[in-house]
Amino acid sequence: MLQKVLIANRGEIAVRVIRACHELGLRTVAIFSEADRHAMHVYYADEAYSVGQAQAKDSYLNIEKILNVAKMSEVDAVHPGYGFLAENHEFAQACIDAGLIFIGPMPHAIATMGDKVVARSTMRKAGVPVVPGTEGESNLRDDEILAIASKIGFPLLIKSAAGGGGKGMRRVNDKSMMMNALSEARRESAAAFGNDSVYLEKLIQGARHIEFQIIADNYGNVIHLGERECSIQRRHQKLLEEAPSVILSDDIGLRTKMGEIACLAARSVDYVNAGTVEFLLDEDRNYYFLEMNTRLQVEHPVTEIVTGVDIVKEQIRIARNRRLSRQQHEIELKGWAIECRINAEDSYSDFIPSIGTINTNIVPTGPGVRVDTGVYPGYTISPHYDSMISKVICSGKTRGEALLRMRRALEEYRIVGVKTTIPFHQKLLNSHRFMAGQFNTSFVDEDFSLGGRSDTDDEIAAVFAALAAHQYRQQAAYVVQRGKRDASNWKWVGRWERMHR
Amino acid sequence: MKYLATVNGTKFEVDINEDSHVTVDGERYEIDFRAIGNGPLYSLLIGGNSYEGHIEATDDGWQVLHKGDLYMVEIEDERSQRLMSLGGAVASAKGDYYLKAPMPGLVVSVTVEEGQEIRQGDILVVLESMKMQNELKSPRDGTILRIQVNPEDTIQQDAVLLVLSPSDDQ
Amino acid sequence: MLQKVLIANRGEIAVRVIRACHELGLRTVAIFSEADRHAMHVYYADEAYSVGQAQAKDSYLNIEKILNVAKMSEVDAVHPGYGFLAENHEFAQACIDAGLIFIGPMPHAIATMGDKVVARSTMRKAGVPVVPGTEGESNLRDDEILAIASKIGFPLLIKSAAGGGGKGMRRVNDKSMMMNALSEARRESAAAFGNDSVYLEKLIQGARHIEFQIIADNYGNVIHLGERECSIQRRHQKLLEEAPSVILSDDIGLRTKMGEIACLAARSVDYVNAGTVEFLLDEDRNYYFLEMNTRLQVEHPVTEIVTGVDIVKEQIRIARNRRLSRQQHEIELKGWAIECRINAEDSYSDFIPSIGTINTNIVPTGPGVRVDTGVYPGYTISPHYDSMISKVICSGKTRGEALLRMRRALEEYRIVGVKTTIPFHQKLLNSHRFMAGQFNTSFVDEDFSLGGRSDTDDEIAAVFAALAAHQYRQQAAYVVQRGKRDASNWKWVGRWERMHR
Amino acid sequence: MKYLATVNGTKFEVDINEDSHVTVDGERYEIDFRAIGNGPLYSLLIGGNSYEGHIEATDDGWQVLHKGDLYMVEIEDERSQRLMSLGGAVASAKGDYYLKAPMPGLVVSVTVEEGQEIRQGDILVVLESMKMQNELKSPRDGTILRIQVNPEDTIQQDAVLLVLSPSDDQ
């Protein structure tokens, strides 16, 4: 019986999973680090237990502590979310050994796909086309890699075998850069994953990142829920995703083919539960297996909206040993959905993380708008975890409607206290190439600039600033007059004076 | 009260009257300017148009975020203008530059050495926060005077990481 | 050309219409009373103008001032929302006379349906079954009404001819109550609508309130978007609505028939734009025309979700003289949607209105949740307008999923500063009769009680209260010790002491 | 510190220890009790269970809104219990009752007269606010002592509308 679930995660995804459990009538257990006592997932769960200090390795990555909580709170199952332990096959195995249901694939599937080098060779054997690069061998020495690099040709990518999220990844344009990039990639990889093994991939120019959502039950049924277009990336970090893809919407045959290949990839590792098969699609519409993420994906909501399948509920259904609720022919992509990741980063200062307390948090609402978030007014963004504040997902009958709705939603969103990526998304939505669907994975890094302003509201900005300056000036004068020492006002006086030196 | 506002090189003369009006470059508008909550969000009705702005005072001027566009506005008022015209303008910031941590985090690496000459845009320190590595770059040309942190140090927001002295030709 | 729209309303519906306009790239003009300078619709519109004092008759009901703003701001069209002037045919005519497009039906249709007595006779002539009652005559004298009452039989309803929203409505169980109820109804009607004309309707016991959403273009095309079930009412005020209805989902033939009759009703007054035909459905599944609302309805979102039609955008499309975007056979009801009206009323004190400033406003988000609202943290609920804070709309594949989602959403909703109807809805969602779909329009008034508690968390409540008491006691002691006179703390001390007298 | 909490007739003894524990009727629990924002929303972790409550002090006791259920809790602490047991209990409220307006609004009608005897639940005043007519009822039996408002009056929140003296038999 699956009646009580521990969510081994934090932030928006912990909240997302708790919501699905509540809607299924399941009891939920949250875990939290000392830095997260005030996090939303702690409030929303039925039970909540501390698992240690703020640093992830002492809490959210501490398998022993988490399993102790699972035992003590007598849960039946564990949902890992994404990140942290979600793709750690030892954690999955430890859950199973403790008699718990791990809501995800079997450890061997996680392990196979987790080592990107092994995954590539497994896929190649199964008949799935992979990006050209190093073949079959793990733990290559520098000299071996250099020799292979020349065969593959430049530009190419050095990638971490244990990798993910762009860590330990380097682009190499010519042979002279190779040694330097290799040692950097090894160092970063070792720091991030405790493993400095790397491999090479040919850099496919002008490629799109297209991924397929897979679900599979314990009875050998594997279906896909269509594709997501995730080419809007900055330094290999996804920023905006949509479902379906502009390309595959015009080429149903290609969608069918890629979907079948994605299912084949999943079958080749006896995949169970939800997962994502990532492809690169080049300008000639050749597709190459990139990697498989053996977990729930950040961007799963866009697929939920166009297919009507609640993926988290489906994960739990599969974990309960039920058959998939639908067959492939019942999956129809209807309408369009777009997700913008709102991060606590300064769009105007090279996306540097922004720490602070969110004072105002008015989320956009109304028709066709979904927000998945783990923050609320009064919540403090800490430096310990990732910078995601929320995901805004907008949908409509057409891509156009979804885009216009997203524009409207971002304009309504009010976050005060930290800088966010909202301005970036607003700019992106106004870019003609994005609107036309003409972009690839290098678009944001190479062809897009935040500088160009969409409006020429210089005059309005001038009035805003003059009015604010006037107000502070008067307040400052008032404070000085009254001879009161109010710290917050003195700060303004100080600033005022500094600005007028 | 008259203010001179400079935005992207364009100057606007904004005269704020006490009776809910402003005059911008000679054109008079009815306005209604209010903080939403406790600020720094503001609602501005000007000649009927409804705008919202996120306004912050920074050391470089007033920063206005409006419909996703960020405007840096320099404001001079009558008094400071008069001082300027009387030759009382203060010297431009020429002193040493203190590179401060924009957020708490872990020092991953310091890519320069004391005494090293650097150019604007050179990477000085790599800081890890929120699972990201952030490269802190030099805002100007100069020489590294002092380095105050080491790799692996955990540092607080606004901690001084290093000190930079300007080049002689600046 | 329709490029700029004045929204002659306030609150959530003004925000809703502004959102649709923004998504269509139309410029928006808001109007506001002096009490509403800080209302959300003022912030969200492109332009905003004051139209007078707080009292509605001086502002939102002042046709002249509103048309002056329309002229001055050079709008092309006016959207009336619901309430205020939405069903005032003189306003519609005045807009047309001023050369503006009125986004709604023609004045004659509003006038015909606005006089409930005329509407009844018009429907009867068109072959639409109406609730048995007074026939054909307006402005009946008391003695005439008494005579007709005996013929209709008791129990019956006295209703205002100009009515709406339950005002001027009285239930009469026997003849002896008749005179008293009649004078009360006339008085209330005169006060609310400036017209004391009333009529009688047989009280149909155990009836459900089922209404059909109609849309019609300028080319004679009239279609319906299925039904809404609105039987959950308290004193004739709707509290919760759903689409589709449990009854009609099991009886597609009846849905088809009632839908056709609803279209017939609309055609009989040459109806254009969006409107709603309300029916009573008795226990034997006989249906009777109740009235037609010639405007957008509060509960339109549930229909939007199950049909995929954005009704406000469709209204604007029709006003632009385009044909309906769909034909009847293209309308398919998919899934289930439920709306809870969240009002600033005290569920536990007879739904008395609650005034105050909303300090905390954390709206529920996540999959399948839509919130339409006009409030935000810091917003003050004023006594001048209606008490609606927001509408929470939850949807799912099935009624069960939508209900469970609504339960989850209401538990997440945090409003501090005013009392709300959230506890009422939480109780309702736990009621077995509601869950089973076995209810009618008298369910809430007669068979439902807030008293019964769903959980027995007495112990938790005891701990909460003891901890709060302990905290305040310590704070009070602290304040007394320091000898500081902090008003807010002294208030607590006072309360503490009063409670312990 | 020991408190006696009465909820719906059930009494609980809640002992609040300073070391993050409470003992309820002899059972000891680990707790973590915190205000969310500036209150009156509170988060309570008790023995791992996570609860949220909306707590307000009223003249009649502590009102706890929890998962849509409203609980009225009377709290007595050791001192007041001791006073009670020493015969020091204060007299129950027997004085005149002042009917106050629960919200600002317009007086539609006053349905009683001075000197009239009324029963608990009788309608005293009809008040219009937020487009609704609200009937204010008598909380007890008694006699109307004074009426302080007239129909059509606009009144503020907490304005005294009328005064009621209790029946002799109470």
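The first chain written gets the first letter, and so on, giving A, B, C and D; residue counts start at 1 in each chain.
Everything below uses one rule, namely that a residue touches a chain if its C-beta (ideal position, glycine included) is under 8 Å from a C-beta of that chain, and two chains touch if they have at least 3 such contacts.
All values derive from a computational prediction rather than experimental measurement.
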| item | value |
| --- | --- |
| Between chain A and chain C, centroid-to-centroid distance (C-alpha), Å | 39 |
| Approximate Å spacing (C-alpha centroids) for the pair chain C, chain D | 31 |
| Inter-chain centre distance, chain B versus chain D - centres from mean C-alpha coordinates, in Å | 52 |
| Per-residue overlap in chain C, given as positions that touch at least 2 other chains | 44, 360, 377, 411 |
| Shared interface positions of chain B, touching two or more other chains | 36-37 |
| Pairwise touch network: line, ring, star, complete, or other | other |
| Touching chain combinations (by label order) | A-B, A-C, A-D, B-C, C-D |
| Complex interface listing, chain D residues touching chain C | 1, 3, 5, 7-8, 10, 12, 14, 16, 22, 24, 31, 33, 36-38, 40-42, 44, 46, 51, 53-55, 57, 59, 61-62, 64-71, 73, 75-77, 80, 90, 102-105, 129-132, 134-135, 157 |
| Chain A residues within the chain D interface of the complex | 29-30, 37-38, 42-49, 72-73, 377-378 |
| Complex interface listing, chain C residues touching chain A | 15-16, 19-20, 22-25, 44, 301, 304, 308, 310, 335, 360, 362-363, 365-373, 376-377, 397, 401, 404-405, 407-408, 411-412 |
| Chain C partner contacts - residues on chain B that touch it in the complex | 32, 34, 36-37, 43, 45, 48-50, 52 |
| Chain D contact footprint on chain C (complex, rising order) | 344, 348-350, 352-355, 359-360, 383-387, 410-411, 414, 416, 422-423, 425-427, 453-455, 457-473, 492, 495-496, 498-501 |
